[in-house]
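Have a look at these structures, which come just after this line.
The same chain A turns up in both complexes below, where it pairs with chain B and then with chain C.
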Partner chain A sequence: MSAAHHEEETVTEGPKVLATRGRVRTVQVVRPNPHDTSFLAATATGLGITLKHFARNLFLPLRSAKSRAKAGAPVDESWKNEIETVQYPDEKVTYPERFRGLHRLTLREDGAVRCVACMCCPTVCPAHCITIVPEESNSKSIEKRPAIFEIDELRCVVCGLCVEACPCDAIRMDTGVHAHPVEDRADAIENRESLLGRGVRSIAHQGGEGPDWRATAAEKSPSGDVNR
Partner chain B sequence: MSETVTLTIDGQSVTVPKGTNVLEAARTLGLDISAFCYHPGLPVVAQCRQCLVSIEKNPKLQPSCQQVVGDGMVVHTTDPASTLARKQQLEFTLVNHPIDCPICDKAGECTLQRLYFDHDNADSRVDTPKVHKDKAVDLGPHIVLDQERCILCSRCIRTCDEVAGQHQLEFAFRGDHEELTTAPGEQLDNPYSLNTVDVCPVGALTSKDFRFTMRAWELEATPSVCNGCATGCNVEIHHKNGRAWRLVPRHNPQVNKYWMCDEGRFTYHSAREERLAAATVDGLPAGWDRALASAAKRLGVFLKDASQVGVVLSALHTNEDNFALASLAKAWGAGHVYIAGKPPVPARADGRLRVADVNPNTAGVKAIAEALGLSATPAFELGTTLPANLRALVVLGDVLPGLDAGKLRELEVISIAAHERGPVPSARVALPAADWLEVSGTITNAQGLVQRMHAAFGPPGQAIPAWEAVVRLAHATGVKLAWTHPREVFKDMTAAVAPWKELVWAREARPLALRFAGSRG
Partner chain C sequence: MPSIWQILDFPAVKWLFLVLALVMPLASLLTWAERRQSAMMQDRLGPNRANIGPIKLKGILHFVADALKMIFKEDFIPANVHKGLFALAPVLALAPVLIAFAIIPFGPTIYPHHALTVLHPGELAIDPNAPAFADAIRLQIFSVDYGLIFYFAVLTLANYGGTIAGWASYNKWALLGGLRSSSQMMSYEVAMGLSLMGAFLVTGTLEPGAIVEHGASASLPAANPFNWLWLWQPVGLVLFFTAAIAETKRAPFDIPEGEPEIIGYFVEYSGIRWGMFFLAEFIEIVFISAVIASVFFGGWQVPFLDADGFRISSLGWALYLPHIVVVLLQFGAFGLKVVLLCMFQLLIRWTLPRFRADQLMNLGWKLLLPLSLANIMVTALIKLIFMGS
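And then the complex of A and B:
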């Protein structure tokens, strides 16, 4: 778009300069019309939509149940399931598989805590809600572990970055559990024991072995020549 | 300088002193050739081959750390041959490397990590099991070795040989079983041993003191000067959450080169201990106002005849603190002026960095007292010849040799100190001061160099810099001292002390987040 073209465009909103005399400018202010700014019409439309859904929820399942009954199907209470709501807490919807619930710390095969207190998760956490104090462990190959591991679930923004950052598959958010309601802020702090209490054993290789390099190299190289 | 040599590196011409190596010449151009075993403070061994470059008219690649520059030399660092050589060399180094980064203390400041990202950043091509070696090998009182992580650069061996003058480390075995060990019958135990941890380009050597406390990238670095002795090694305070986690040396060719001693590194511990965080009157916590009023009342009686008042300057405090107190002593016309400091430790002096005088500012406080025309006596003599007319004593610092608690109680002692030790518990009034990690100021080392310290974090509780406490005490006793910033004290001080006439106050240093600092060692 050329600059000249730009200038020709008419001003539809905001002040429009009608005349300039020295430092005095006469402007015309174009205001949106009151019909658009009152939101009355929009409110009515919204209410209409709500009512429509209400009516459909109420009558549609009933009508389909009636028509099923007419067709000879047994009459039961199952039509209530078609109403788009659940009777919480008696009923619960199933969450998607990747729902991020309360954190847990996983265990190594021998039952020791997998976390090596590398500090990647507190570093990446945007809410600064992870506190780790490392200590020397008695294992000869994995020398470090957390003495204190705390997550303030009230501050957590449930972003899942801690899980992404962990090089050890030590922290996960796959419990499917909500953060519990608490009466005291301090009670929302999960500690090493409570996190491990939800823990599962992880069999992921700790120490790092990559995929077969030949497979990946052949994929990358069009000629399939892996001896670059 | 004497002769210079001009050469071309990657098409850029550079002139350097004769005898410089190609790697250093490239660094002056801002070209960072990868290197492991080369350290500017150590002899060159060209052992790691990580710094290979192409030199025209030379059929083979040359290690740039060992190659001395020649006139008209044409060096290439980005040509395919040398780039590939360095990349492959790095791959060799990584063949048996355990990739322990999550538990490795060097992660975040590791040269191997940095070079991997710079050079290769590709998956490992090795599918045979790695050679395993011992982990967490205890080398001595301060250091733990991880033999798997060692890349056999020999920097630590040379550091012991050159900096401490003691041969305590060696390589044993050959090929991929080669490993670092202590020399027969030796431990890694010398007064400079922790420098090996700094120079180690990987996390093979770790300091027991720092190990597993903090990750490097969490820390912030503030430049300062070690207060462990009169050498005044330049250091970086690595701190986080209002406390220091380690001290590491900062390069200063005039003072400490690249090194510092182990004892100096540990001084940050005592800086946290027994802190005086609130003003006290008769040993009980009081607010600043009450403490100052009480001090003024007690001193006021004797200030009518100021020959009854003594002032103790401290060789452990900054020039500014001492200048403030010396100025106050002069304004009062105090009858006695002393200089306190820790007694010398002759066994420390080794002709390297460590000296017998364990006070960081002996030279400074002497120069100040002399410039202000105060005849200052060492505080050691206080105990033997307690002057008959001495009634009140204003003491800077927490060290006062020669006077025991009983004798101190006979006097009206006003303390300005960071710690509740030495004379402070016996003081009638104690005013809390900042310790050296928390002050912005200058100290003068044994060579007479006035060096600048920067505050890494704030002092605890009600503590304030000692010079400011002196200003408050001065106001309470009716003496006007108008300083509001150490820079102003410094300005008046350099005007008064002739040898420091030319000195200027350096800009405040902002702490550098180590996550932006690249690799260290």
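And then the complex of A and C:
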């Protein structure tokens, strides 16, 4: 089998070759038939589909806001329309529990900042958006605390590595709040006070409380939730 | 001193009431309806939030917001454009559509002195000059024998709007868009005119008002739906509808404009000048619907509603209504038909993808044109054989 012959056989598209004489090839050209080029049947099918959707969405009521606003909610109301749109300012999508929102700094039992200015979070931060200036702590068991704790929310990539890196549950991203729109870049920088303003008391174990900290923490916590 | 009825019968006054006060708002509403309908066809909500205080009306007020936005936007004129033609083009696109509405019969003739009494058709035949029939108001601005020819002639001028806009913009993409526009119009106007020839053969008239008043056959009452031309000219209806959509330059025939991707002839226009092109397109949709309703779907006729009330002669049943009620019903029926046909055009526009330029030409010249010629031949033959003349 010659190479040229082989090539001809692999051609599957294009006009069918009826005869080859030297360099002249007689081909059969297939023209589309008028049934296909008039697009009539296809048009009718398409109009049927769009009309069905239109009529259904026009006449049937919206599904309940709850089943629309939650991603992956089962569609159990069959006699409703198919519109999924969440009307944002009026309805809001329920975020997943681990949604990473605006940062906050947690507090100790006595209301002091939990952060010990260990510099783990600014070190791990890929966007270099955390600035900490430590100062001497007046507590005997804790060496340092942040004098300045700033997060530039414009630079933050919301990766959550700072939360992972924190050894003492001082920084969290569980507020469920988006970064606020600002008119000035400077306003996007969260400082220690604003971060603490969203803060909650954390009763997580931190140094010197012994291996049975979980039991004592559960006793202290009104809800019995040891992670709060 | 003409009476109030005579003033109402002046063409300019009728144009003011019927076109400016009815058609323009309907066309503006279509800009909202199109977005809302397309959204619902795609399982979305569409624009539903525009409001004046608590008045929301499902977002209908979006068209007011759009109009305000377009009026107050900067009227930007690029450097090197031909200023005169640049300003003229939107007017050339908009004006012919508004003029063409003159031939549309919006409703029956109103006899104001007969408004509250039942108008028997026989009465009119006996003495049309009786005082009760004085001051008649014809709900058609321009009633002439060459009605539909007038429409073809005037609407062809609208095409100059696009072509001149493309040329005056000093932009090669706009120029190419203008050329595409004129080539498309040229291809489809032939088929459009010929596809209505069958209707002319059946009814023997070019005047839409007369087509509506008499229907296809003299043996049936004009209000009988089987006397309307959709049954007598089904091929003509499909052909005319197709060619007419091509004439409005909307998808699937939107290669002159190609809003999202290929750049059209009004690429250099902004603000209200662009708005005029936009509005002209939507008024054209209303106009096409009005023509199709008048020629093929009995215009203002309500099924089985004669001038004196509902009547089904085969059942011997009749319900007599005062003249004013009949007029309102018929006027409303025309409006309903036009709105439904507009919605059908929107449905087509949001269902079909755009034709390629060669598919467009193939469809126009190789399918629509021969079919419309065949339609004329077959109609003429049938008429010759079965009706004898």
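Keep in mind that, in the parts below, the second predicted complex is superposed on the first by the 125 of 228 C-alpha atoms of A that agree within 3 Å, B and C clash if a C-alpha of one lies under 4 Å from a C-alpha of the other, contacts with A are read in each partner's own complex, and residues count from 1 in each chain.
In the analysis below, contacts are C-beta pairs under 8 Å (C-beta built on N, C-alpha and C of every residue); 3 or more make two chains touch, one makes a residue touch a chain.
Note that this is a predicted model, so its numbers are computed, not measured.
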Which of chain B and chain C A:E183 touches, first, second, both or neither: neither
Partner chain in contact with A:E135 - chain B first, chain C second, else both or neither: first
Touching partner for A:E91 - first (chain B), second (chain C), both, neither: neither
Touched partner set for A:C120, first chain B, second chain C, both or neither: first
First (chain B), second (chain C), both or neither touched by A:E193: neither
Partner chain(s) touched by A:L47 [first = chain B, second = chain C, both, neither]: second
First (chain B), second (chain C), both or neither touched by A:P34: second
Chain B/chain C common contact set on chain A: none
Contact footprint of chain C on chain A as seen in their complex: 34, 37-39, 43, 46-47, 49-51, 53-54, 57-58, 81-85, 87
Sites on chain C touched by chain A in the complex: 37, 40-45, 49, 347-348, 350-352, 359, 362-363, 366-367
Residues of chain A touching chain B in the complex: 116-120, 123, 134-136, 140-144, 167-168, 207-208, 210-213, 216-217
Sites on chain B touched by chain A in the complex: 98-99, 101-103, 107, 123-127, 135-136, 211-213, 215, 217-218
